[in-house]
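One chain, chain A, links the two complexes that follow: it is found with chain B in the first and with chain C in the second.
After this line comes the complex of A and B, so read on.
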């Protein structure tokens, strides 16, 4: 009798623990989508091995597409999670900053001629310049938020509005096109490696972020600032600097995402590149179960969230859902998440949970 | 001692944050101040380059410059608009007998405000590419009362025909028909078409989709990519992943065709003249015509942005007192085939 009771308790405890785990939300969403696809059409999971037009071996199939196109979002989710945790707000200018960083990359590669036969500078130089520029723009947002105490969404609204025009000016409103095949490796395949490069880039970014969180106090400090700014100050932290830093880190993530974006087409269109990607990045953070009001965060969950969003997008494309209706489906997901994570629903669920476990005891 | 140090630090921080603040606001404000400057400078700067190419100046009857107010959409909107704006600036110069002022906006209300200002300034002609079709009646009535003649270009509006002299537009449906006729003439055994649409409801989308819908080809997928190359790439990628076969990509602009081709390249599907997939685009961007020249694409339909010469001849007719025969003037638009296009075409028609 005694043992049975203990058993029951652990089962409900285990269930409760699983539910309360942050990563449960994206994993559940992923499973739901995966099962739906398995039932609707198992060929979704087919991966074929072939040769691309450059003569290199490639793997293709819906799963590869998800890994490929979800990568920019995963990279942005890393930065956006830190910004959300530290400042309790979101940066809505990432799409526009991607346009700027992408424009800088092309500008450096092309020089003054918008259609060069040879690259005017090594790709790594162009990328580093773009990193610096994107971090400066991130710093601009960071200063407004951290030192001028402007709400993040309002502060980043400035670049959200002006960013794409700035991007156009950087290249004199021309549309540079890069013909060097090496440049297309970053958004495509490196010859000989059958897995899309963006996935490796995303993995590298995630690894760097994980190492930084493990070996520095960045994660701890960020959470402390997000949870309670004044108490973190009393404990000797500089909350403004931590917030500022999070925006600069997001700037770096933006530059990496921009490299992938411009590499995909070897060109840029200022008004539509990475359009609405900020909303997807914020959604990834929310889907990861992170509180959008700041504080504790889970990077792994956010990255999972990013791939779940791409999973959803790819699934919808597969079923020929009109692409202008995609935001509506994402909105449904958002509504569901927001309602689930609201304190009212959580309290209600907790009550039900405790009633069940009480009954179990009785 | 400590307090002093703190004080200095705070001072430095404040000064530096002010500097940073100033620097960044300056950066964001720069565009605002720059825009009008370039507008004013443009006619004079263009004048020098234009003098050689333009026909002899045709000043107004009394020898004075004709005052025109030009209201256009933001030139950054697209390659089409950039070419359109450049064409206008090249035509309406002092050498050609015009005194032009420009106003740009993508918003209807701002355009209407600009129109009112031009009417107050006493322009002779108001040239208008409206952002939205509705809401122009009263301001055009004001223009008529003030004796300002109105000429519409590129976009039509929902207003009484008597309120404007002429309207110079592209016939999007005809563009689509020309393209579909060309596709039919290719004589393929079967037509399996991926149809990538522009922003739903736009005039270009309606015209170009309408022709294809009427043709009765087998449509593998019909999706809007909203003029966005990345979305087009994903849509085509999705069709490739599904394993369905297709042999035509009908993209309603060049950007989307480019995105589609990127997906084809990734999957090793050959495209172009004599290859597996026929690629069709619209708008005749210069880089797109170069793809045609390299036979990577098959067809590109023109959407003519060069309306200035049409407007010029209308104004001259009106000045001479000649009556207009037609209110709506449809521009000549071509379709280019990769097998017949020449470098000359690329230079002349690329935008």
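After this line comes the complex of A and C, so read on.
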């Protein structure tokens, strides 16, 4: 009898513990979406092996779409999480800076000719230049926020407004097209590998972030500054620099996301590329259960949040929701997800859980 | 109710969980009187004012206001204003981007229609009558802080207040501005307004006030006419050490014997910062425990903050072991082997959401550098060692520090600095708001560490604690160092008379 009772208690404890874990939120959201798709149409999970238009073997299916198109968002979620944690605010200029970084990549690759037959510079050089440029723009935001103490959303509004014009100006408002097939690998498939390249790039970014968190004090310092700036300073940190650094790191993430974005098209559309992606990136952080007011963060949860958003988008596309109407549907689902994952509802669930287990004992 | 009284508070009680903030306090304010409300930290001054202004409800007691027979119930600041009680806080609570006139009238009438012209002329009249140097149409933010303060007062006065509460109005004003404010206060007194004046500056109390009410530990000590209460007596009442009890005073004091030819571990000369202290000289030798004493707001904390580089240094030099060092920010001080436990544990000490472990290793980790994080095992070892050493009561090293009790939080911060093994440790009010057991533990620890050769500066509001640990005391008054006591001078009466300054 006694062992049984003990078991029951541990079950309810486990339930409570699970509910109080931050990562519970994106996992629950993911499960809900997965179950919905399973009931509505199990063919959602079908993955087929075929040959794409370029003659390379590829895996395709909705799950592959999620892994593929969720990549940029996952990469941005890494940087956005750090910015949120350190500054207690968000960067709304990432979409616009992706346009800038993408434009820089094309400019370096094309040189003065917008339709070059051969690349004017190695892709790696173009990418590195874009990294530097994006980090400089990140630094610009960082200086405004950290040293001039402007609210992050207001500070980044500047580039949000001006970024796409700057991007167009970099290429004299022309639309360069890259014909070199190698360039399309980054946003597509590497011949012989049936899994989309963006997934590998996102995995690499996540791995680098994980290593940085393990082998430096980035995580500790960022959280400390976000939780208590005054105390951090009195313990020898330079809170302004930590905030600044988080914006520069986000800049780097932006450059990587830009490479994938321009590679997908082998070109750029200044006004459309990565449109509204900043909102999805912020949403990813929020869905990950991270406080948007800064402080403690969980990177894994944010990255899962990013894939939850892509899962949702893909699900909606599958049910033939018009792309114009997509944001409205998305909003409804997001409201639902955010409400069920709120602490109010979680506490309520936990109470019910403990009541049920008590009844069981009785 | 007495004849001239405008406000009478009787037998006010207020309890917070675990704290009896006010226990049967009486307070009477008369017409045309400036009444100082004095007391050290936790005496109950702000609680009393918050009860009066409706921020807190009272648990027991009655409040009477002139012109009303029955006791009045004040449930919100708005009701307090309607009853004629206005408060002007230390921080300006007006809108800096509105004009003076708009600030005077905002939130007073609920009319949709606003007669701007009348508002401006009315304001001009009020400003003139109170002799405030400002234009009605001027943006408030463009006025000096003193004028802003006075506009806030004018607003309160114009709302026909009978009771005006000034909560530390002078702390951000310079001397001339204070003079202007006092003139305004005297004018209002002549008009019959009763003013409650809360301040830390003794000089100011003796300059403008008529009466003094002293609170200590949530209880009323007494109400005095200003002429009946010399400074030393006031200080002793605030600190709760009656000078008449001299016989009970122990003759024990601590002595530090410095070796001949010893060089101070830390020595400052004319150091001052933007924290608002006058340049001060200070030194401490190896294994010595000394302290800064003075009333709240006298500049004790600002001195040690200057040494640690926590405030912006404006001038002066600092030597460590005889060599000049440049300390402009906390990390410089830490690299020079200085540790600093700040006065306000919540704001400057703990990093609330982080675990006990991360809080303990934090300073050492920062010293070690960005690219050298401790492994989890190392961090746990340090945390467990100090949890055991200081007897920190926590469920585990993983518990967020904010869920610990005040005393245990303080021990964690102490552990944080002990872990860095400093040569010189500054403890600013380490015993504030923690239980008696922990207080004694901390004092014992201080003496033990000093015995092992650490130099420690210990600051406490409680003179007993200072006498029990320090062998030398630097006395501060109104942000200046006014004396240094050691040896036989270390007695309560001597300390209090030095704090109070010359008899006036």
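Just so we're on the same page, the second predicted complex is superposed on the first by the 322 of 362 C-alpha atoms of A that agree within 3 Å, B and C clash if a C-alpha of one lies under 4 Å from a C-alpha of the other, contacts with A are read in each partner's own complex, and residues count from 1 in each chain.
Basically, a contact is a pair of C-beta atoms (placed from the backbone, for glycine too) under 8 Å apart; a residue touches a chain by one contact, two chains touch by 3 or more.
Keep in mind that this is a model prediction, so the values were computed, not measured.
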Contacts of A:73 with chain B and chain C, given as first, second, both or neither: neither
So, A:215: does it touch chain B (first), chain C (second), both, or neither? second
For A:145, decide between first (touching chain B), second (touching chain C), both and neither. neither
For A:134, select first, second, both or neither according to whether it touches chain B, chain C, the two together, or no partner. neither
Is A:224 touching anything from chain B or chain C once the two structures are fitted on A? First, second, both or neither. second
Count the residues of chain A touched by chain B and by chain C, then name the partner with the higher count. B
Overlap of chain B and chain C contacts on chain A, residues none
Contact footprint of chain B on chain A as seen in their complex: 43, 50-54, 58, 60-62, 65, 69, 115, 139-140, 143, 147-148, 158, 162, 164-166, 168-169, 173, 175, 177, 188-189, 261, 264-265, 267, 269-275, 313-314, 317-318, 320, 322-324
Chain C touches which residues of chain A in the complex? 214-218, 220-221, 223-224, 227-228, 230-238, 295-296
Chain A partner, complex, touching residues on chain B are 17, 20-21, 24, 28, 31, 75-79, 82, 199-200, 221, 223-231, 233-235, 237-238, 240-243, 255, 258-259, 262, 264-270, 285, 287
In the complex, go through chain C and note every residue touching chain A. 308, 310, 329-331, 334, 340, 342, 347-354, 358, 362-363, 365-367, 369-373, 416
